[in-house]
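Below is one structure. I have some questions about it.
Labels A, B, C and D are assigned to the chains in the order they are written; within every chain, residues are numbered from 1.
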Amino acid sequence: MTQTTANEAPSETGEASSREWDADSLGRRFEEVRGHTEALAAPLSPEDQTVQSMPDVSPTKWHRAHVTWFFETFLLAEAEQGFAPFQDKYWFLFNSYYETLGPRYARPDRGLVTRPGAHEVGDYRANVDARVRELVDTLDGGSLEKLTPIIELGFHHEQQHQELLLMDIKHVLSRNPLQPVYAGSPVERCEPDRLGWVEVEGGLVEVGHEGPGFSFDNEMPRHRQWLEPYRLADRLATNGEWLAFIADGGYERHELWLSDGWAKVRGEGWSAPLYWSEHDGVWFEHTLNGTWPVNPGLPVAHVSFYEAEAFATWSGKRLPTEAEWEHAVVTDGQGGQHGRDQQVVGNLADGGSFHPRPAQPAPAGSRLRQVHGDCWEWTSSAYHPYPGFHPPEGAIGEYNGKFMSNQMVLRGGCALTPAGHARASYRNFFPHGARWALSGVRLADGGAPA
Amino acid sequence: MTQTTANEAPSETGEASSREWDADSLGRRFEEVRGHTEALAAPLSPEDQTVQSMPDVSPTKWHRAHVTWFFETFLLAEAEQGFAPFQDKYWFLFNSYYETLGPRYARPDRGLVTRPGAHEVGDYRANVDARVRELVDTLDGGSLEKLTPIIELGFHHEQQHQELLLMDIKHVLSRNPLQPVYAGSPVERCEPDRLGWVEVEGGLVEVGHEGPGFSFDNEMPRHRQWLEPYRLADRLATNGEWLAFIADGGYERHELWLSDGWAKVRGEGWSAPLYWSEHDGVWFEHTLNGTWPVNPGLPVAHVSFYEAEAFATWSGKRLPTEAEWEHAVVTDGQGGQHGRDQQVVGNLADGGSFHPRPAQPAPAGSRLRQVHGDCWEWTSSAYHPYPGFHPPEGAIGEYNGKFMSNQMVLRGGCALTPAGHARASYRNFFPHGARWALSGVRLADGGAPA
Amino acid sequence: MTQTTANEAPSETGEASSREWDADSLGRRFEEVRGHTEALAAPLSPEDQTVQSMPDVSPTKWHRAHVTWFFETFLLAEAEQGFAPFQDKYWFLFNSYYETLGPRYARPDRGLVTRPGAHEVGDYRANVDARVRELVDTLDGGSLEKLTPIIELGFHHEQQHQELLLMDIKHVLSRNPLQPVYAGSPVERCEPDRLGWVEVEGGLVEVGHEGPGFSFDNEMPRHRQWLEPYRLADRLATNGEWLAFIADGGYERHELWLSDGWAKVRGEGWSAPLYWSEHDGVWFEHTLNGTWPVNPGLPVAHVSFYEAEAFATWSGKRLPTEAEWEHAVVTDGQGGQHGRDQQVVGNLADGGSFHPRPAQPAPAGSRLRQVHGDCWEWTSSAYHPYPGFHPPEGAIGEYNGKFMSNQMVLRGGCALTPAGHARASYRNFFPHGARWALSGVRLADGGAPA
Amino acid sequence: MTQTTANEAPSETGEASSREWDADSLGRRFEEVRGHTEALAAPLSPEDQTVQSMPDVSPTKWHRAHVTWFFETFLLAEAEQGFAPFQDKYWFLFNSYYETLGPRYARPDRGLVTRPGAHEVGDYRANVDARVRELVDTLDGGSLEKLTPIIELGFHHEQQHQELLLMDIKHVLSRNPLQPVYAGSPVERCEPDRLGWVEVEGGLVEVGHEGPGFSFDNEMPRHRQWLEPYRLADRLATNGEWLAFIADGGYERHELWLSDGWAKVRGEGWSAPLYWSEHDGVWFEHTLNGTWPVNPGLPVAHVSFYEAEAFATWSGKRLPTEAEWEHAVVTDGQGGQHGRDQQVVGNLADGGSFHPRPAQPAPAGSRLRQVHGDCWEWTSSAYHPYPGFHPPEGAIGEYNGKFMSNQMVLRGGCALTPAGHARASYRNFFPHGARWALSGVRLADGGAPA
């Protein structure tokens, strides 16, 4: 693989935007995205949709209402003639974290709110849907163009919450001794296949989003970074490898762990990934497909940064930086035109598996496998602003920027990520100890100064 | 009022039990009690029935399932031919606190269980209902007589949970900024009427249950106790009096409070009873009838023991002991034949008010008002075993005895107590700082050695 | 033993006070008490005197300063001509819990204050000592008489803190792996001797302090109480019996425990009394005499109310009420003239053992052994006000009354209690789970209605 | 300033080590370092030396013992003939965090250990001092050379603890309402002088230690990094500027803060730097020189990363990265031969001020002021391993590497840092919310892609 900074790629130059929105396409995309949320919630009872199983989790019906509130607040309240809120108190109930918009219902208490119920949230959604479509249909071209960025942000925001909805309901259902199934069925037991390595030359590369196509503000600005030559595993680490890690005392050997991670291991009694439990010597895994014996051939999932890091140390390897990851993916031909929200290939939520699958061959012409989908991949990079980053003005400036501390970057998307929401420059982030995202491990090596 | 120890009352001697159960009456009572639970849950949505708003609270559907589990575990599992549980895991899910019966789902996590849903709990109830009726109808007389005590205990157990269900859903709904209404409507604003005092002679009195009629084990054995002459307020303390307490710095003057109570006032920021909130200088109260301005003529409700005690100190009075309360009520002719579960008069849950009402005249021939119903009345007595108390053998021995520490006794029943579940010897109990029971204050005076 | 209410005892009638204070005797007693505190602190280094090993514990030098502050605040500030505090900030630093006197240094932070050091606290003591003696010597008789109660309260207050000082330093030293010795040496290994029972008739008895001689306000008023016939063990429970309790699964059988106690056992991992630790199958006990193998013949010490209650249940017995205890001791001739602070006999701190000893024969004419000294004896009585109790006006009213909730009464004194500070009516009190007082168990039986 | 990567500097090439240790120089340096620790502890009483005012703080006498334990464990136990520990239990008591060496006394409980006292710790120090000197004097040349790295590490370890000792005792004394003084006196009130900016060209630069001279492992390996052109403030931010930040609502405007920082502001009630307190409208600052009105001309100190970041945002600027800081300092001629532990110039602990001072002119030929000493400077860089970093084998590998998460890098040293312990490549690190280090702010700007 020859090192090529992505912005030298010919496809980058002189092209029109890959996506040119008009009222019609915006309206169709709006219905698509909104409908997908409802489809994800459909298998869930009113009771399922109500519960918050830990402070990080939000109830399904809260997600359904909050993404609706997002359109109501950032679009309708700005642009609708004679705007009046659907329900006064919803402003308060469904604001997630925007301090600029005033007080909010306390996040850890979202699961205490029984009304509006799942059905009434449906009414709220229908009302806002109708008003947004009306607005889009009646705006003149100039106004529409001005509002398109916030509408498009609304699409991606709702997609983020589609993934969160699945992550969260997975956690909710995990607390039930009846072991409920959300959807789908497990793959048959299989063994890990051979792990290969992809060499990357590095040098003075560019990372980050630029040009047409959607990205969040945190993916910009595109900037230069120096990378020594390195290599990446061509697939994710597997349950089989994780079982070997456990068997070799992985959770009992302090020398493999960061000090904070070791404190978690001892304090929380970690002895396996989240959702694993041992019965009569056999490890089982709670999944959205039900609870099944751990399948060695599947990617390991629901490990924290600390566990990923300890596993890498045990493996004699390390985690990649986010720049290494992005540069390798782009040069491997799997970033598309960088930053364009073209569809990427992988085991994403549209496939309906709702769980990682064994590694498939890389796309034609590429070498890295499982790049998009399956599991988010922990990197060794802190989630910090890119050089020159400035959040936008106003409430929307709180979307990403204020969370840039105490978190680590993950890359690649997972089996719960909506298609169209994964791209090479996408920066996901969670605290070091978080395990309820569908997070896994891709090993890296090299990268040291000669 | 002449002091008369209750067991000297003529009605006590030589009478048959006030209640003689047979298959028919047991069956009818069973349907009655079971049906009442479902009627109380009827206004509540599946979402309402799912939530646990604090560790002390249980979800409505949990209550509905747990009382069913009680009959299944203590009756069917003992006596049903070829017993098999409705669902294996329900044994684990719906055991409240019986260590003898093995591990249980953690109490503070009851609100995390979305399935069985409200409807499926209904299926569970219907199944157990049918099996219990079948059992009662087919048992021979001797077996029935042997099982009657546990069936009768099941009735009273379910009634206890009927009150808890209402207390708990009141707390759940209180966390909702939309201020939902459970049922009923408020009384019109009124002022407190004159508070009178009832003198009681005391002496060597008897308290506790004895003879026929149902009581819990903690009401026994009946025993002697010495009381100096004392007097009791003839009605409950009112919101009007509480507003005066607040206005006089009640929540700001340490000298009125026990040290532990003062720590609560400061630590929790108490400035009024639970469910009161101030808006633009007006106090509002969340009730099951909705949220309304505090009505001065109504009994104050949802105060802790600490608040009740501080209020009594501020009033220059004190709280009664439980013996003083019971003895006064019995000698006032409102205990019935002590220990018999005859109906007593008062604003209980069957009246459908679901909230305390202004004091009505005392029953004919009596002087104490609001004795049963309206609000539980804090006493100055620790919830300890009566002299000679021994809990029964087996799991059922955990029903009451093990909770006899760190709690204070309340007497009299409240507006959420089912009719038939209030009696003079009944000992309710809560920790000093608990406020989510419908608890109020009756003042006492005297009782000191001459 | 014939039941006799103590106030019928002939020695009670017509006697002058057992203690008539004048300037000379007050001055001598003052020096005695003050000197004893310094003697207790003498073996402790400046470092020892500084540390607070848990929020309940206070540093030695804090105790030394606080009792000095007590005389400065309640005596000198009231009566000294031209009073000026030794150091302004000491008012703030050494006020323990008197809200009436304004803000205080936070109790859990007492161990953070390094200055004044142990030596400077000595200077403070010397200064106040001189001023108090000067005051006592120069007051006219009327003024002296008026101040005598507060001076006498100061003596008893300082004695209370002498015991606390020892309790607290025992805890401090227990946290040191070097196992330091405070003083004294252990008794030789011995076995428990036979436990006998003392029958008490009961009836309408009187308890509480009355008449001349010192008592705290919480020992009054003397009042009547009804007791059914009962019996008390003639000695304390021993380590040998406790080892049998442990061996029989005492800390593993939920059915022996109150629910709150069981929560402590599980939550805190209790498996033996405080200060016991197991090494290679042998139990050791940290004492002020050093760390030694548990001696079966000694009274068990440092158990909580929960443990005492579970042990009693395991023994098929119960704990006595405080009225039973006091009445039995007085009728056994070991209360002296009730309420007079005459010396009682027992293994108290003046003996210098600083640890309980094996039971000795009862005093001539008595049958109960180990009544005073050795270990405080848990009762089954909540620490509540006696009927008719009212705390005094002013700051001194906070001395006892405000602590009358969530605590249980202990009786009898212990090996750390100063001679002259134990009496039949004395009410000590600690929360149910507290273990750092030198608390043990005397079993009771009977007392149930016939 | 022309960008020059430090390793191109001529002084770097072909030179011998700046420090060639022999037995004599090692011995002299050992005495120097060890003596300095004792000199710092000299003004502190035994009580001062005992207290741990929060879990992060260690008692003075613990520091004195722990650095001694370090030599005993890593040097004497390895190399001394017939080694026996001074005291068996000290191995347990004075191990800080080396899991490899077995269990340790719990860190948050270090303040509970009263013995060994301050004087006995002195005995321990004297014993180990003598044995180390004996060892150094008697080793043959080869052995000495082999041990020199660990001895030298011991010097730098002890210097780190010299700074910690001062940080910690400052916190201890801050909890005392008597406002004790450690040493020194404050500078006179002055105003901030003009803040200038130093431009740096950037490019492909090198950072990290290489070559002779001491560094910790975390300063290596030296590696390349790309920097866009940027500029740094030529002095630290001042109290005067911080007062303006406060006056402008700095602690009340959420939009200035990272989300985690805002949670701290609200949760901890931050309204000013640690050690500031307001009395009658005047801000005072607790310092080791006593408590004085905040001096506008002095560098602001004891701010967290969150505050530094919010202040930078408010200023329209940002914090520098650690690479920007190091590269600028080296190219400004203040790094010396990079990585050599030559003396750098600044207000360090040897000056005896024990507090930051107003900015002085830069050294001749340099433009950046206050580079070394005064205050540690927060950077925007997470404390992560440099590319290719591997901790050494064995217990000593725990020295730095395991702490590389959840912390931010600070650069430059402070007024509590020993002379000889500051250098351009030195990486200090603390959690985002830590404030008890002497940490301040140097603003940066630029650095964005063109």
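In the analysis below, a residue touches a chain if its C-beta (ideal position, glycine included) is under 8 Å from a C-beta of that chain, and two chains touch if they have at least 3 such contacts.
Bear in mind the structure is a predicted one, so any value in this text is a computation, not a measurement.
**Q** Which chain lies the greatest distance away from chain D when centres are computed from Cα atoms alone?
**A** The most remote chain is B.
**Q** Would you mind pulling out the distance in Å between where the CA atoms of chain A average out and where those of chain C do?
**A** That gives a centre separation of 62 Å.
**Q** So what's the Cα centroid distance for chain A and chain D, whole Å?
**A** Computed from C-alpha means, the inter-chain centre distance equals 38 Å.
**Q** From the mean C-alpha coordinate of chain A to that of chain B, what's the distance rounded to whole Å?
**A** About 49 Å, centre to centre.
**Q** What parts of chain A, by residue number, touch at least two of the other chains?
**A** none
**Q** If every chain is a node and every touching pair an edge, decide which shape results: line, ring, star, complete or other.
**A** ring
**Q** Okay, what are all the chain pairs that touch?
**A** A-B, A-D, B-C, C-D
**Q** Quick check: in the complex, which residue numbers of chain A touch chain B?
**A** Going by the criterion above, the answer is residues 45-51, 53, 61, 87, 89, 92-93, 105, 109, 111-118, 172-173, 175-178, 180.
**Q** Where on chain A does chain D make contact in their complex?
**A** Residue list for chain A touching chain D: 97, 99-100, 204, 221-226, 228, 254-255, 257-262, 305-306, 309, 380, 382, 384, 387-388, 397-398, 402-406, 432, 447-449.
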